[in-house]
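Per-chain residue numbering starts at 1, and chain names A, B and C are given in the order in which the chains are listed.
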Amino acid sequence: MKNKEPLILVVVIFFTLAVYYLVEPFAHSQMHKHFESEGFAYNDLPALTKTGDAARGKDLVLGAAACVGCHAISKEGMSAPMAPVDAAGAYGVNPPDLSNAGAVYDAKFLASLIKNPTHALMVEHKFDPAKGKVYPMPAFYGAGGDIDQEVADIVSYLQSIAVKGEEFTPTIAFETACGRCHANRYEKWTPIGETPTFKHKQDKLAFEINVANYEDSLTKYMGKLPPDLSIYIRSRGEHFIKTFVENPQQYLEGTAMPRVGVNAESAAKVIEYLEDSGDTKRHERDHVGKNVMIYIVIFAIFALLWKKEVWKDLH
Amino acid sequence: MAHFTKATSIKDWLNQRLAIDKVEKVMASEYWIPKNINFLWAMGMVLVITFVLLLVSGIFLLMYYQPNVDLAFDSVNYTIMREVDFGWLWRHVHGVAASVVFLIIYIHMFTGIYYGSYKKGREMIWLSGMLLFVAFSAEAFSGYMLPWGQMSYWAGMVITNLFSGGSLHADGLVEWIRGDYVPAQAFLDRFFMLHVVLVPLAIIGLIGLHFGALRIPHVNNQDGEEFDFDAESKKYLDGDKAGAKVIRFANDFMAKDMMVVGIYLVFFFYLVFFHYDFAMDPVNFDPADGLKTPTHIYPEWYFLWSYEILRPFSTNVGLIAFAFAQVIFVMLPFLDRSPNAVPASRRGLFKYWFWAMLIDMIILTSMGKVPPVEPFGSIGFYAALTFIGLWIILPFITKMEKKV
Amino acid sequence: MKENSRRGFMGKAFGAVAGIGAVGSLVAMKKTWDPLPSVKAAGFTTLDMTIYKENELVVEKWRGKPIFILKQSADMLDTEDKNMSKITGKTTAEMDKKRLIKVGDAHYLVCIGLCTHLGCIPGYTPEEKSFLCACHGGMYDDTGMVTKSPPPRGLDIPPFKIDGMKLVLGEEGPEYKKMKETGITL
């Protein structure tokens, strides 16, 4: 009697893999658009040609460019002119605190943003001055000198005050880049900041009303409430999130989501933050997984040896 | 009252009351299994092990799961996945095992079809097995509702809508099943009940029936050979283990089973830790939203072939075709008119029927997931027709078969 | 069989009594699965029809289901759809009026926003004035009529009653009853 088991095993494995290929990689390739990342190079934006001077940049930010009229720079002791809820009521969304903008955003993107916000953010389809829809942030037309030099100075200033190295945490990246529109309830993050612990029920309710009001303004501004990102790492995956953030329009033409303009480093940090919130136990899973695999192979070997012993007399 | 003597040992004490020696003989050491079997015969044991994994992991998930539409999603994705120590492990084991159990069921089923193990006194094994398949399907579907994600909600919506019966418009029946106009709290609660109590009880009962149905006709073998179990077992007990054509269930058959189980578990735990995505659809990590349909709605992979039989037709025809697909496998022992209970390779046209059916079901499975655009729509349509056609010709081609 | 036939009358009678008990308990079990009174009572929604804009789809909620409200503009009412005329043998304007609800001077499409095939929510494209269901590719025109299968019928119209400029969903007014009798909706 010929031993047919190897052939049977090959047949079983072949059909199993065929089914797997058809319902997973093949089906998903038919269902979803796929785009490759450009590595956050923003090739469509012009390169920075001038070297900035942080000190001059500071004068511009505080003076001629009038940034602090709307933006907070809490690191430099400048608080926001309005509370987040009021700012959202006025502008649609709370203007960002610029403390760490220099670390989170790509320099080229920042420069383009200052000169022409809707172009850099890819929201020109939504804000058309001819139709009376004006983006809340005015473009910077220069303070009288060489505008490219001035913009380079501003970017240089923002970079000089931003967090560096170890201090630049995934949380800072997320809160700066995503956190004014997106909540993350698993990390207790709301678009107006982290949920504090409350002593009184009234404080809790007051905070919740603030969040609801903010989200109402945001909903009007964006068309719909931007989703909570708690487990987006599981529902969308790293590749989609990165390429979507890099260029939202390629997936979803006409979406209100702006191009965020993060640099490659902060994109990686945002992903790490999302992994911490949505796939918290991944390190434990890998570690336990390796040990279990070692054990289960030993288990299989012992099972094999036992079978050999039992079947010794049967052949 | 029966007569009891003073027990000489614990074993004797138990023997007088439970006849454990006899039970052990009937169930294990003198439960004779043919020797000419291959590893496909171990799928039953693989299924038992997988069922135990599902049961154990399910018990631990049950300790933290909240069957409430407002809490269910976060009780799974936050409490179990982030807070409970090893909660993620139970969930991954449960999710992967729920998917893999169907792979093994299909292998087990097609093994039975290939070797003719539903014929000549083994009909009840097949029928109880098909009932198990139905019960497992109900268990899988009800369990899929529980995380209350987008796919849970919309699969619940689409599948319960099937009960409106197309033109019959039995909307009352649909609302009765849901306990509401749409899947909501009542729906989640009752599917929770089905998943953790009623269906598991049915499954455990059916497993007992399935095993019982096997005991009298004995296990089939890979050569379709008929032999005298009494004579062969006598040979074995007289010491001619190598010459006998039968082996003991325990430990002979068990040892081989456990070897296969060992290899299977390597594959299983690899999936649990390093490749779990296929069993946990990304779309279901978005919370249920009754006002937003996901772009693509598809069932888990093991339901795709029957879903695809529903899809390419108009509603009424689709439902009839779907109902046909659900019950037709049950009828196999009665549609196969051939007198031969031998492997398909020795059975004339049935050999081609077997492979055609297998490949057709894989095509249906594939087409059930991709969007219904051309050429997939047409491929699915013809594959569905082929499926129905194959079942219609089965009685005729098996009737023509010569006795081997 | 012999044993069975010898069983006496009382044995059969006992079996019958036990059977009645079993059927009785089934009634209780069936009723326990029925939608609760609170679920049924939450089934009425009143809509102010003056707030809607022409050719702009608004999704309201009734009994947990999405309700599409689409106010028709003059050109939407006049559009000739040859396809539809071919299927029904009637002019589009005739068909349109029958499916639409007239509140004040305006015509509205008010329908359950679930595809009649398998219950997904179709999306509306204002430029093409048509609905597309992403699940299985079914299409409807701006009055909710099917223009491409698999959906077996137009979008269902919920029970409604016209009350001045308001529309009450869940109550059956004379206009709804007429629609039901003429088979425009179920």
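Structural remarks
The rule we apply is simple: contacts are C-beta pairs under 8 Å (C-beta built on N, C-alpha and C of every residue); 3 or more make two chains touch, one makes a residue touch a chain.
This structure is a prediction, so every number in the text was calculated from the model and none was measured.
Of all chains in the assembly, none touches subunit B and also subunit C. Taking the CA centroid of subunit B as reference, the farthest chain centroid is that of A. Here B is the chain whose Cα centre lies closest to the centre of all protein Cα atoms.
Rounded to a whole number, the gap between the C-alpha centres of subunit B and subunit C is 37 angstrom.
Once the centre of each chain is set as its mean CA position, subunit A and subunit C turn out to be 41 Å apart. Among the residues of subunit B, those touching two or more other chains are numbered 295-296. Of all residues in subunit C, none touches two or more other chains.
Multi-chain contact residues of subunit A (touching two or more other chains): none found. The touching residues of subunit C, when paired with subunit B in their complex, are 30, 33-36, 39, 43, 59, 61, 63-66, 117-121, 134-137, 149-150, 152, 186. Of all the residues in subunit B, the ones that touch subunit C in their complex are 154, 157-158, 161-162, 166-167, 169, 175-182, 184, 186, 190, 290-293, 295-297, 311, 314-316, 318, 372-373. Note for the complex: subunit A touches subunit B at residues 1, 4-5, 8-9, 12, 15-16, 18-20, 22-24, 26-27, 30-31, 185-186, 227, 230-232, 234-237, 278, 280-281, 284-286, 288-289, 292-293, 296-297, 299-304, 306-307, 309-311, 313-315. Contact residues on subunit B toward subunit A in their complex (touch as defined above): 35-36, 38-40, 74, 77-78, 81-82, 88-89, 92, 103, 107, 222, 241-242, 247, 251-252, 255-256, 258-259, 261-263, 265-266, 269-270, 272-274, 278, 280, 282-286, 295-296, 298, 301, 304, 358, 362, 365-366, 369-371, 376.
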